[in-house]
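Shared chain: chain A. Partners: chain B in the first complex, chain C in the second.
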Partner chain A sequence: MSELLRCENLTKTYHNTKALNSINLTLESGKIIGLLGPNGSGKTTLIKLINGLLTPTEGKVLINGNAPGVKTKSQVAYLPDNSYLNSWMTVKQIINYFADFFEDFREELAYEMLKKLGINADTKLKTLSKGNKEKVCLILVMSRNAKLYVLDEPIAGVDPAARDYVISTIINNYNPDATVLISTHLISDIEQILDEAIFIQHGDILLHKSIDEIRAENNKSVDELFREVFRW
Partner chain B sequence: MVKKLFKHEILSYLRVILPMHLILIGIALLSRFVQLFDNDSTAYNIVFWSSVVAFIVGVVVCILLTLIFGIKRFYSNLFTHEGYLSFTLPVTSTQHIFVKNIVAVISTISSFIMIVIATCFITFGEVCVELFKAAAYIVRQFFIEFGFNAPLIILEAVVAFIITFATTYMLYYACISLGQCAKKNRVAAAVGVFFIYYFIEQIIGTIFVIVVTVFYEQLHIEQILEYLAKHPITANYLGWGVVILVSAICFAIFYAITKHVINKKLNLE
Partner chain C sequence: MKWTLDKAKPLCPQICEQVCLKIALGEFKAGEKMFSVRETALLAGVNPNTVQKAFEQLEQDEILYSVRGSGWFVSEDITKAENTLKNLVAEKTEMYFNSLNALGMDNDSIKNYVKEWDNE
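== the complex of A and B ==
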């Protein structure tokens, strides 16, 4: 397993509020990792820093040895926690858009997944339901043959049936040599697919261990441990 | 990647600008068609003048919509939810800014060309011929006055217009970008930045006029004006040259601000 992502003393401050507090983190390739923490813990800030959507106040983040930039953006597939597509486009147009900009985009796979869902590629994105729009976003991201998939709250706003779809889409379509970083606070739904878990709170990394280690050391599931650690 | 950025930027403009151009041409053709039934009846006058008013409104809308769309496209594609995709594409912020600026300028020029074409349609016939004659007369006089310098002066003027358009859009980009540094109400903050800029510009202009007036003799303003009046070719070269230089400096400043905010202060909501 080679090192894919490294954060060194990574700090992010917004208007005097520290969102990330000098964190050090190393992620290896070929794993599915849960970035777990309550709302406002710093998950999205960390994800935005990885994607170059924020600049660190201090420290650095490296993906495959490179700071976020053109090179890393062609290797990282990012699913934000909100819909980010141009609503005036059709599904086909947004697929062409992804195919144009991302060399690792697998167009046939995207159409195959759309067909399974029964979504017409000529449909305008603005006419899709919220759930289908989120599924299209996920399909676009998972159709990439990326080195790092960063999924921010992919199951937060969807019903339990759709959660199963999201999880199966992730498992069945990610590049096995790649790493999938999934941010969520709905742990029980994804625990079965995780290799590692990172607990984050108030901008600090509380824990970063393999799922097996967590279960063996604590005699608890990750969900149980999460509830214990983050109890109000 | 730049070619692809251009492709998708142009496609997004065509979606809005092309129908608007077609509507303008349609109104012009309709108005010209109405003129075929020229008579003194009240009904004709109402229809004719309505079509003329519709054309004028169309021209105003065409100019405003082109400008507004150029600004909105920058804001919505980079600083709203669309920014999550735009800024995770494997392209640099410089490429984003320049592609948006260049396409906005092309769109503005195409709108002006379309307005000229539509005007030719609506005046097609004797009026149009007279307009062309007048334009040809002005150009002929210009060439007589300036000789072989005329094409160069025209070229310099065209460059000045293009760079002024580009700088105007870049100013709006800088204001929008600075507005993004606010914690809340970022659009309102961008409008505020624009008015502050406008205020500073007025102060600088006023100071310039005061300095020129107070030091009129020391700066040899009268001699300079006399010299330029006697040498119109130099005056034209110098005038357009100053416009290009000032615009280019402003463009560079606005670009640097925009790029700095995107690279260092970006924080999408």
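== the complex of A and C ==
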């Protein structure tokens, strides 16, 4: 297990709002990690910093020793929290686009997953339902052979049956060297497949532990602990 | 047999226990090849790292063994797995008797009750 991602005193301020408060975080390779926190806690800010869509106000983030840039983007597969694809394109066109753009894209795998979920590759994106659009986005991301997968709310709009498929897709494409960072509110659906959980609140990291440690220490599921910690 | 996992408890020991039960109940037979770590992870709906850890634990306990390049096998001697089942049955039985004792029933009437219940 080697270090894959490191945040050092990472701070992000929007005008006078502190979104991330000097956080220090190290993630190892070969893990599935849940990034859990209430709305507005800083999850998406952290994810955008990892992907170089925001620049830190202070501190730094390193992926395999490199600051976010061209090099890290070829190693990080990112699923944003809202769609960024051209809606006039067909699924097939988008797959070609991805295959062209990313060296590590596995086209066959993408078509296999589409078939399993019953999505026709000739449909235009704008005619797909919200849930199916999300599935396409996730398929595109999981079809890459990346070192780090960053999934921002991957299952929020997907029906429960397809959720199971999404979860098994994540397990299936798990590669012992890759790490998956998942931000979500639907903790009870995914906690079974997590190695570690990170609790984040008001831009601070409250806890970063292995799931089995959390359960052993609290005699509760991560979902129950979350509800207790973030009770309002 | 399904994988029944309690979300409020650590997963790794639960996987170990379930594998032992499956061996003791004959779903996996002595000396036979097991499912791979990934297959088991998919069947149980858990993380492959957790299954890997559980299998390594079971190897230390001599319940499974691994062969480099060909995967995981059930040990020839399955007494340890059978003991896990026995302990679990003993534990559940004790809980059952204790809870009915607390209602004021004595052991003989509980046994009679169980027989009647089974006949119905």
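As a working rule, the second predicted complex is superposed on the first by the 231 of 232 C-alpha atoms of A that agree within 3 Å, B and C clash if a C-alpha of one lies under 4 Å from a C-alpha of the other, contacts with A are read in each partner's own complex, and residues count from 1 in each chain.
Assume a contact is a pair of C-beta atoms (placed from the backbone, for glycine too) under 8 Å apart; a residue touches a chain by one contact, two chains touch by 3 or more.
Keep in mind it's a predicted model, so treat the numbers as computed, not measured.
Colleague: Putting chain B and chain C on the same copy of chain A, do they fit or clash?
Modeller: fit
Colleague: Tell me which partner A:52 touches in the superposition: chain B (first), chain C (second), both or neither.
Modeller: first
Colleague: Now for A:101: first (chain B), second (chain C), both, or neither, which partner does it touch?
Modeller: Only chain B is touched by A:101; chain C is not.
Colleague: So in the superposed three-chain picture, is A:76 touching just chain B, just chain C, both, or none of them (first/second/both/neither)?
Modeller: first
Colleague: Using only C-alpha centres after the superposition, what angle do chain B and chain C make about chain A, to the nearest 10 degrees?
Modeller: Seen from the centre of chain A, the opening angle is 160 degrees.
Colleague: So after superposition, what is the minimum Cα distance from chain B to chain C, given in Å?
Modeller: 28
Colleague: Under the contact definition given at the top, report the residues of chain A touching chain B in one complex and chain C in the other.
Modeller: Dual-contact residues (chain A): none.
Colleague: Help me check something: in the complex, which residues belonging to chain C touch chain A?
Modeller: Residue positions touching the partner: 5, 7-12, 38, 41-42, 45-50.
Colleague: Given the complex with chain C, which residues does chain A contribute to the contact?
Modeller: For this pair, the touching residues of chain A are 30-32, 164, 167-168, 171-172, 174, 188, 191-195, 211-213, 215-216, 219-221, 223-224.
Colleague: Quick one: which bits of chain A touch chain B in the complex? Just the residue numbers, please.
Modeller: Per the stated touch rule, the residues are 14-15, 48, 51-55, 69-71, 73-74, 76, 78, 80, 82-86, 88, 97, 100-102.
Colleague: Can you list the residues on chain B that touch chain A in the complex?
Modeller: By the definition above, chain B touches chain A via 1, 4, 7-8, 12, 15, 77, 81-85, 87-92, 183, 263-268.
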